[in-house]
Amino acid sequence: MQMEPASFPFLSAILLSCVVGMITIIVIPEEKKLLIKQVSVFFSGICLLLSVYVFFAFNRSAGGFQFVENVNWIPSLGISYFNGVDGFSLPNILLTGIVFFTGVLTMWELETRVKEYFALYFVLVAGVFGLFMSLDLFFIFVWYDVSLFPMYLLIAVWGTTRKEYGAMKLTLYLLAGSALILPAIIFLWAKSGLDTFSFVSLMHPGLFTPSVQKFAFLLLFIGFGILAAVWPFHTWSPDGHVAAPHGVSMVHAGVLMKIGAFGVLRLAIMLCPLGWIYWAKLMAVLAIIGIIYGALAGLRQTDLKYVIGYSSVSHMGVVGLGLSTVTVEGLNGAVFQMFAHGIMTALFFSSVGYIYDRTHTKNIPELGGLSRIVPVASAFFIVAALAGIGLPGLANFWGELVVFLAAFKVYPLFGVIAVVTLVVTALFMLRVVQKTFYGPANPRYAALRDVTPWLGVPRIILVAVLLILGLYPALLFNVIRTASVPFMNGLPR
Amino acid sequence: MAGSPAHSVDLAALLAATALPFFSFLAIIVATRGRPKVSAGLSIGAAAVCLGCSIGLLAFHSGLSAPIEFSTSLIASSGLNIPFGFLVDKLNLLMIVVVSTICFLVQVYSLGYMAKDPGFSRYYAFMSLFTWAMMSLALSASLLQLYFFWELVGLSSYLLIGFWYEKWSATQAGKKAFVMTRAGDAAFFIGILLLFIHTGDLNIAHLDSRSALAGVPPSFITLSAILIFGGIVGKSAQFPLLTWLPDAMEGPTPVSALLHSATMVAAGVYLFARLYPFFSLSPTAMSVFLAIGTISMLLASTMAMVSRDIKKVWAYSTISQLGFMIMALGAGGYFAGVFHLTTHAGFKALLFLCSGVFIHRFETNDVFELGRLGARRMLIPMISMVLGAAALSGLPPLSGYFSKEAVMGSLAGLPDHVWLAAGLCGVFLTAYYSFRLIFILLFPRERVSGEPEGAHGAAHKAEYGAMALPLIILSTVTVFLGFFETPLRHFIGVAGEVGQAPTWPHTAALALAVAGAAVAWIEFGRKGAAQIGFVERIEPLHRLFAERWYIDHFYGLLVNRVVDRGIARLCELNDRKVIDGSIDGLCEATVESGRVVATLQTVMVQYRLLAIFAVLVLLALYYYY
Amino acid sequence: MTLYGMLFHIISAVIIAATAVAITRKNLVHAVVYLIVSFFGTAMLFYLFGAPLLAALEVIIYAGAIMVLFLFVVMMIRAESAEKKVFVPIQWIPAAIFCLIYVLVAAAMAVGTPGMNAPLKMLSASPAQFAIYVFKYQWFSIEVVSMLLLLAVIGALNLGAGRRAGRVDEERRIEDDSALQ
Amino acid sequence: MIAPFSEVLVVAGILFALGAFCAVVRRNLIMIVLGIEIMLNAASIVFVGASLHLSNLDGQSFVLFILAVAATEVSVGLAIIVYAFRRTGSFDPGNFNLLG
């Protein structure tokens, strides 16, 4: 594995701007709400710019880990502050940057406890960034929990529907996940005998015996799988999405669920490849159940956010299916789908947020005919729905295409089922669009104002990303490939 | 097969023809939504450039011998190398001319038809989107690229059908259209993926030259051919996915003319023709296609016989004519299918645009009502409509006659005469329902009311002018296109295909067309006719046809009962009750057990004393032993 | 068996009998009086074991002060017939079983341990000796105990101070709470 | 020569058991305190006996402390009982099951 140390610690700069942003927000007096928002936008903008820079400065021909920073922290335990990005984590860092920035802009109209909200939001995002860039198992676990706890407060304080229930459920589920991850990490640490938590040192093939890998893989897969809403552990996700405020829903569905999938990829798959091969069938079965199940359960929902929540379950099932194929295309497609789904759900929740802020309801039967009143706001949602259907021209199409292609090679039957499920997805997405935005305008909302350009900025960014990747997917695939190809080539068979 | 060397002029023309409408779409959406005139100008300008480029390409390459290919590889993933680009051969040169012509004419027509609509800009944006997608579809170099635009065409169809989104039925129809074509597309997609996995090549030229298919088992080719045909069934509204098309008539009439008769639904047939060499590798698949075409053709004809809605009659007739094309292709008549596609695009667009004029004027879709209100007084549309209907029925010397004769010829070439019989039956039905409609319009039973033509204002006249111009052009095309059969046959370059077939099917087809018109005259045209068709006299049959053979009921049942209230409900219940229930139960159990242990600490003091004493005693006992 | 031995057994029997009667009385005054008998017996036992000062203290403090305090309380608040039933089966049966086991185990252990069966010699520690010992070796504990007594005085005073004006509301609230139970 | 120490222990054990029985069984707060007194008393007997058995005055000094603690406990305990009786009018420990 090639390692290229960073000339300037860009990754730490990203983390640092989150932390500095948080501290600045804490220092600002409570009453200056506008200033707090401006500061948030400023620092999240820095994060976005840095992540975009890292994304484009990444050397695509060299591959491997780049922008590496390594500082010994606790040498006796082998813990070090060890950051670096490769083709798998880079899209996720970019995704986090985009969702973070747009999430801050989406909450522009927040009026209650602004200071606390943004401070916690920055903590949450710092955890997410840290997890994606860390190469030390100990730090990965720490960042996981850092991103978890602000979530509870953010949902329980600023949430909407059944917020205490949703927040508690989410926290308990995710803690259950971390209760599986920690033993697995310590197990691997102990079994390696290397006295180090460094991911790169532990990634040597043949370091762990097959039985160790099988066991650790299962723990890590379920632990992170809970966060990725793998089928039987998915029910926290719709409830959590529904309860959370919109900006948090964006991070939650857009990025946090990716942490789960990324964790499965980074820890479970890359550290325990033999376990991966052994359990791949199980992963595939769970993923395919998730795909169908999310789509079908989504058909029955009457709350906009529940619909999106279930569609997320279905789409994350696609990611899982990609990961379970044990092929290069599967990995490529899965990572691409993670990115595309993150942007798409962020757009979804951002649009729903606008609608909910105006109408104070997410209940589909109470809406209806919104297209007449707020055409632009509706258009954003419709674009997200179309992306969710997997329409060509938007990013999700490519992720699904590549995953299905890989699935067809390995599990033809599952591939067929997954493709057929696209029809159900189309049905429920369009049904929601129809019931919410079409039909005669509801006189109750006749006085609503459409999205102003300023408030539309986050959605425009998201739509633009979806479109660009939809028309030029190689932009992302070229990056992912730098990690997936060497990894699959080095895979013991 | 190596393509001819690429010329930069060609490439520029192709790029202009495909990219300009897209940019006009973006420009309208982003910038000029508030200025309808600019939007329309942009869109029509783009369409005009498309038309110019298409005609230029056709003229320039009229003697094209080998397909021209421009492609760049759009690397989607490491193991996936799919060329994206243009493949130009004779078939799609013809197709892009047809598409861009109709696009251009319909957009001009829409200037009048949509003039007062609040969504004028949006309409033109979607039209541009459609133009882009359709042109790119026709020029696609690989099957995946074709699928890409295939779906986008479906999207624009969805958006345009549901254009008047405040009308619930329109949105319902749009959704139905999208989901039903999507069901077909799922099969198409699976077919593409299968093909890709087994051949590693989705290049259309390679597939057609069969070079990519070496060593692929025939059963597999049959399977993937049938799966790909699923997409055609969805897009061209063939049996069993045919019911979305009549519902799609909820959209604006020019949309119906453009998408749902002339071009988009014909994309299915185009795909068939596009992959014709590939499909013809599998005789089994071809006979399946033939059967599906026949069934759709007959079903749709029967439905058209009883409809009172002028647009729905033409919609059913579209399905039935598409059935004819698929029959022709399935029967091996490559040229017949393509030729019928071309002529049909002309006269069906004409029919819809004429109906659009009536609907715009009288604001009703009911045929009897239109006749009563005086549709026959509007000379240009009425004459055009009669021409179109005659062409549809296959009466000489209109274009439909020639193409239908070609279709019959290819059917007659089949060893089994069942198909020919079905085709002839279809010819009779077509003539019957077309002239039924014409006679109802021309000879209303009640007195003609309403003001005479020409009593409207100047603005109205401008609108009428915008609408009349395309009608005249299309009428001309309809009248004269038939005479270009031989040059076209040479251009498409399938020689030696017809000629040996006996001539009696041609005569029979003509006779049956005339007979159909005659029956329609007896029942609807002549003085004192009751204007009740023979089918309408048989109540069960009438209901069967009017209810579209209950196909919609079946789908409704499937979606509502089985999927919605059945499986989906089960999933939801499982979520709420089983998974959440068990998790919540686990939490409750934790709290409950805590409560149980807590009671030990909260009961009467003496129990606690007793507990302490007992434990001490037991400890002593343990220590003693 | 020596005279002292007989004396020990007689006194022990008296103590146990008096205690047993005391704890079964329904009338609290009777119970307290029987217990005084038991404590007198204990004082005699102490004297027998050579602790005359403790015997005196036992009589003064236990049989005198403490029991009188009990009597005062019982008579002052007329708590003679507080119980409807002296023995509730669900309480006394398990308690009796455990007590029996306890006694049996204790006896078995006491008898079974070597060195326990030698008869005790007669020895006596005069009050002066005892006092010198205590204040020589245990003076710190004495101080601690004196603090304890002081605190007990304060606590008892505080509790016995009774209702004051400011406490009424709080008490009523607690009463309401207990009424809910 | 008095009795063996084991007999002293048995006597004290019986007394302790009686005290414990009283404290656990009698549904009267005053009797509970009385039971505790009996138990303390039994412990005192053991201490004095052991002091004789081991010829060590520490045992006797412990009894002194037990006396002090007993006095303390009784004074405070009875004060609490009186207070509780004033509040609820009952001596039944079953009425005092509200923790805190």
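Read from first to last, the chains carry the letters A, B, C and D; within each, the first residue is number 1.
Definition applied: contacts are C-beta pairs under 8 Å (C-beta built on N, C-alpha and C of every residue); 3 or more make two chains touch, one makes a residue touch a chain.
Because the structure is predicted, anything quoted here is derived from the model rather than measured.
Undergrad: For chain A versus chain D, what separation do you get between their C-alpha means, in angstrom?
TA: So the centre of chain A lies 67 Å away from the centre of chain D.
Undergrad: Report, in whole Å, the distance between the mean C-alpha point of chain C and the mean C-alpha point of chain D.
TA: Using C-alpha averages as centres, the distance is 4 Å.
Undergrad: Distance from the CA centroid of chain A to that of chain C, rounded to the nearest Å?
TA: About 71 Å separates the centre of chain A from that of chain C.
Undergrad: What whole-number Å value describes the gap between the mean CA coordinates of chain B and chain D?
TA: Spacing between the chain centres: roughly 98 Å.
Undergrad: Return the residues of chain B touching two or more other chains; collapse runs of consecutive numbers into ranges.
TA: Only 606, 610, 613 qualify.
Undergrad: For chain A, what residues touch not just one other chain but two or more?
TA: Touching at least two other chains: none.
Undergrad: Touching at least two other chains at once: which residues of chain C meet that condition?
TA: 91, 95, 102, 106
Undergrad: Which label fits the chain touch graph of this model best, line, ring, star, complete or other?
TA: Topology of the interface graph: other, matching no listed pattern.
Undergrad: Which pairs of chains touch each other?
TA: Pairwise, the chains that meet the contact rule are A-B, B-C, B-D, C-D.
Undergrad: Which residues of chain D touch chain B in their complex?
TA: On the chain D side, the touching residues are 20, 23-25, 27, 32, 93-94, 96-99.
Undergrad: Mind pulling up the chain A residues that touch chain B in the complex?
TA: Touching chain B: residues 169, 172, 232, 235, 293, 296-297, 299-301, 327-329, 332-333, 336, 369, 371-372, 386, 389, 391-393, 397-398, 401-402, 404-405, 408-409, 415-416, 419-420, 422-424, 426-427, 430-431, 434, 437-441, 472-474, 477-478, 481, 484-485 of chain A.
Undergrad: In their complex, what parts of chain D are in touch with chain C?
TA: 1-11, 13-22, 24-28, 30-31, 33-35, 37-38, 41, 44-45, 48-49, 51-53, 55, 57-58, 60-61, 63-65, 67-76, 78-83, 85-88, 90-92, 95, 97-98
Undergrad: With touch defined as at the start, can you tell me which chain B residues reach chain A in the complex?
TA: 74-80, 144, 147-149, 151-152, 155, 158, 162, 165-166, 168, 171-172, 174-175, 178-179, 182-183, 186, 189-190, 193-194, 196-197, 559, 563-564, 567-569, 571-572, 575, 579-580, 583, 587
Undergrad: State the interface residues of chain B toward chain C in the complex, per the touch definition above.
TA: Where chain B meets chain C, its residues are 606, 610, 613-614, 617, 620-621, 624.
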